[in-house]
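Per-chain numbering from 1; labels A, B, C, D, E and F assigned in written order.
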Amino acid sequence: MSVVIEKISRVDAALGVRVADLGVSTVHEAQGRKGLLAPYMRPIFAGKRVAGTAVTVSVPPGDNWMIHVAVEQCRDGDVMVVAPTSPCNDGYFGDLLATSFMAHGIRALIIDAGVRDVADITSMQFPVWSKCISAQGTVKETLGSVNIPIVCANQQVNPGDLVLADDDGVVVVRRDEASEVLEKSLAREKREADVRVRYGNGELGLDTNNMRPRLTEKGLKYQ
Amino acid sequence: MSVVIEKISRVDAALGVRVADLGVSTVHEAQGRKGLLAPYMRPIFAGKRVAGTAVTVSVPPGDNWMIHVAVEQCRDGDVMVVAPTSPCNDGYFGDLLATSFMAHGIRALIIDAGVRDVADITSMQFPVWSKCISAQGTVKETLGSVNIPIVCANQQVNPGDLVLADDDGVVVVRRDEASEVLEKSLAREKREADVRVRYGNGELGLDTNNMRPRLTEKGLKYQ
Amino acid sequence: MSVVIEKISRVDAALGVRVADLGVSTVHEAQGRKGLLAPYMRPIFAGKRVAGTAVTVSVPPGDNWMIHVAVEQCRDGDVMVVAPTSPCNDGYFGDLLATSFMAHGIRALIIDAGVRDVADITSMQFPVWSKCISAQGTVKETLGSVNIPIVCANQQVNPGDLVLADDDGVVVVRRDEASEVLEKSLAREKREADVRVRYGNGELGLDTNNMRPRLTEKGLKYQ
Amino acid sequence: MSVVIEKISRVDAALGVRVADLGVSTVHEAQGRKGLLAPYMRPIFAGKRVAGTAVTVSVPPGDNWMIHVAVEQCRDGDVMVVAPTSPCNDGYFGDLLATSFMAHGIRALIIDAGVRDVADITSMQFPVWSKCISAQGTVKETLGSVNIPIVCANQQVNPGDLVLADDDGVVVVRRDEASEVLEKSLAREKREADVRVRYGNGELGLDTNNMRPRLTEKGLKYQ
Amino acid sequence: MSVVIEKISRVDAALGVRVADLGVSTVHEAQGRKGLLAPYMRPIFAGKRVAGTAVTVSVPPGDNWMIHVAVEQCRDGDVMVVAPTSPCNDGYFGDLLATSFMAHGIRALIIDAGVRDVADITSMQFPVWSKCISAQGTVKETLGSVNIPIVCANQQVNPGDLVLADDDGVVVVRRDEASEVLEKSLAREKREADVRVRYGNGELGLDTNNMRPRLTEKGLKYQ
Amino acid sequence: MSVVIEKISRVDAALGVRVADLGVSTVHEAQGRKGLLAPYMRPIFAGKRVAGTAVTVSVPPGDNWMIHVAVEQCRDGDVMVVAPTSPCNDGYFGDLLATSFMAHGIRALIIDAGVRDVADITSMQFPVWSKCISAQGTVKETLGSVNIPIVCANQQVNPGDLVLADDDGVVVVRRDEASEVLEKSLAREKREADVRVRYGNGELGLDTNNMRPRLTEKGLKYQ
């Protein structure tokens, strides 16, 4: 039942470039508050924002063999998304694989497990979002699959989906919704720019958003 | 049962200023090792120390409406302390609210839940202590209360209490104990300055604190 | 049953110096993937690597008395390794003890519990790996032991063992295996340097490690 | 700062008796969804429901001395509520203390920590709600307080409050609200009895509660 | 974006009946070790095994409105599978809803959140697998969706899939794979019956499964 | 580095029989509050107490091969103690292995990981203490070791040590300390029998243990 799907339909690369100007929170809101990976997924160093196409990898616990298989399936602009078939904190990925990923144009790693060599990977400025940091090694004994739909950190990720990650976390956007989500995100950002000015001037959210009548209607009392 | 208490008795502002020179650990010790919020409350960026008056907010899980209501109740020098009525990791607070908080002189946010837009909030240098970071959005559907006593991260916080936060965590000092706690903290700090010099000179804590007789009495054996 | 063992056999200091050039991940691999402390053990600031001889301390929950006792047992080049007898997050260690440790040439603290005054300790650049950060104070009421074998973060640590810690975590090497582990680590590092060059040139791990035949044998399908 | 408050105002005992006929979920709802202890508080055996007056105990981590002190402060019909000053899983309570509690008419123990001898306590049918089960022993070295307000499992509990516990968890009712909460709870139960019959007959909640118009108004689509 | 899909393709009911004779572990193995919900999903009482067709519900945190909507979409033999859009431990379901579920022939509830009234639900013998037990109430303010694909306890569940639950946990079988998985499960069970007899007679797994040559080949040493 | 140690020195079987009359809490106290496995180790069914000789097994995460190897090393009266080399919740053990264990006289399984088929194992009344219950299957690909010292649930366990488990948890007693610990445990039990009578008669622990003078000395105030 282990399989490598070699041909996947990728989200339009131009969309990825434009989404990378937006934040995870904005995109998550714009697509109706869905697609956010669990908040334990954290960057190993702060300050990066990356968008790219998901190449998905299903791995056994404690076994990173399929990551090597998956590198060959990646193109420039891809983001590898890895999930173990049962929860695991082991360090699946280190500076050697980071070197290989960079050589193949892979933009980031998203992994619902551990990584290691984080000082080196930070020096290399290769972006990684992971569940934890652990030096615990993995074996290469059991197969998994590449480019099948996976659940990573409690979200379904399909190969070819758009993945966006920054200091707020990681969000996945369905390939066929990416264009619409981008437009909604841009519109949202425009609205927020206006609100930011008003808030900066001391206007209350109560007034900017006309919340007072509804608060009264719901029964809020002031004493 | 949702209420906004508009008039609260605030701790003396001058006390807050003086406490801000002291560390959370020192103040926690000086007041008898009480008042410390659970250690999962962490700053979103390191290096800040903030003291201020608590404006308390009780919010439903996944609903940040009352934070907007609470901003209006804040004065320059306040710290907003927010606790959900059941555990929640959602991102209640982002860069827009941070803009509003700064415009109203709110010194910091302490929230037993998640926040988002952390890269922007870090750039703005607005101090936040939270349970986690999460881009997950919240709704504005259900009321809560402002300036009622709340339990935040396993500690009771009353409106008007003094709150102190730094890289070690967050401690709350009762309004009517703040003056005494400040004096005890200053005394403690003076004692510690002396101990620091002696430790720096290589004197053992065993000797500085005259621990040897009591260790013997308790039965410690050396082999 | 509380005891301080004053004479312990320490790992050869020269080995410690040489191991400090290697990473935790490398050494953990070289000694057969054993000896790694649980990954919740994290440095309070990033970027340090420390190797030294373990002085072990078994402490009661919420009681740091024995740390004072243990300082006297330490020599230049030692690393203090502390484990509570039942799980505890309290802040056993602060800037005063850090001052004392530095005066006695102790290289680092490894503690399966909390620490505090982390801003100051970071300024002092004293390396600490801990389970958490907490300002919660401890008492000095109950004895423990120094230099007995302990379990720290799910690994057995014996007095005199070699301890290595960096941004990837903490690994313990048995005193009598340190020499062999060092040689294996150096050999491993040499091999990895070669692989790094090949990966940097875009060679796939599949080819560098000749994985394809075994993947086929295991039944991996490409579609 | 350690104190035993000997005189406390207890909730009316007759109220306690009547509340014990109601469930925790009902009372929690009737008082506006407040006062529920964290759901990790579980009974050590199923099937008991207990109501009584809170005698509160603040204990150090790993130290059960104050529980002995508190027994003397209890009357028939009291429930002892114990919280450590920092999180602790140790076994503060076993079959000997259970024997003592029963001899003094204490109805139950609510403890935000561990207990032990659970097979014996189950045989004795003494009701306990705890955070965990652990044989780890505690010491008797450090003072705490009896009958001060405490935070137990993230809820404020005052001495004299009404505590109700069953298989759903533990809820605290303020002493001066107990009478009103009882009336509201009884009213709620009456309403629920009617709903139960209608649901049992197959009527949908959508209709019983007239939810359809508001669902439509909120924009729910059927496909 | 909230929607109720009224027409779903259900797995063949006869298959469900036959699968209910098999255990979760067996079916999970037979379908290649996939589809198992996270192990924190536990039955509220032991000893039940249930198979049925998934009706899926996506709910906001702390809001159980959509469960009422979903009841109307269920048929005899369905199992309701509920997941919140962000993690939540609140008690979404109690004895009233259990009454309604039973009246509509719903076989079980699988919910990645909390439930309450567990003593009553146990008396009613209505099977529930949940993340936790909590009396914490929920509101009815925000829409969700019914019969869209969801991620529940880290597994994708589609409406119409086959769900099997027992004391070992919960497994989901894709609708179009159910027939094949049933056959494989039955075959597996037959093989296991033979192994059980041999093990009962004292034969070692080493011999039954001819493991010795491969252990030797891998390098296992006996001392 | 994978090895099976075939000859181990076992604790005196007669001691095991006598210890089985005592509780885990008693023995843990009698040996100075050490040796208790982490409290997340719970029995899969209540009411059993088992004592026996440890046969230790170090297993890779998600791989139960070595359990088969270890069965051959067991004798009547042994208890198998299993720990993965990195944390794992998978189901290493089910009803087939339970059948094999019973046929070989193995008294119990202690495993710092998951088990499955718990309904069947409960019917068989084979005692198991585990970290969790999970149907997740394991592979047989990577070697581990049998009868080396291991750390299981944060305690060192050596082959041949005495292991005692009941509803309170699991405690390990060093082989060469077992005789002394048994005597101390019996003495402790005798003392406790006396205390139990006095507590049952309503005598306060304050008096039975003469605590009042020391409480006063420590500064306890009554108000």
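In the analysis below, contacts are C-beta pairs under 8 Å (C-beta built on N, C-alpha and C of every residue); 3 or more make two chains touch, one makes a residue touch a chain.
Because the structure is predicted, anything quoted here is derived from the model rather than measured.
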item	value
Partner chains shared by chain A and chain B (touch criterion as defined above)	C, E
Matching chain pair for A-C (criterion: over half of the contact pairs shared, by residue number), options A-B, B-E or C-D	A-B
Whole-Å gap separating chain B and chain F, where each centre is the average of the chain's CA atoms	41
Distance from chain E to chain A - Cα centre to Cα centre, in angstrom	28
Centre distance in Å when chain A and chain F are each reduced to the mean of their C-alpha atoms	42
Residue numbers of chain E (touch at least two other chains)	33, 36, 85-87, 89, 134, 136, 142
All touching chain pairs, where touch follows the definition stated at the start	A-B, A-C, A-E, A-F, B-C, B-D, B-E, C-D, C-F, D-E, D-F, E-F
In the complex with chain A, residue positions of chain F that touch it	60-63, 85-90, 134, 136, 139, 141-142
Residue ranges of chain B touching chain D (in the complex, touch as defined)	1, 32-34, 36, 38, 85-87, 149, 151, 154-156
Chain A to chain B touching residues, read off their complex	23-25, 28-29, 33, 36, 39, 42, 46-47, 49, 166-169, 171, 192, 195-196, 199-202, 204-206, 209, 211, 215, 218-223
Parts of chain B lying in touch with chain A, wherever the complex brings them together	2-6, 65, 68-69, 71-72, 89, 91, 94-97, 99-100, 102-104, 114, 116-120, 122, 132-137, 140, 142-143
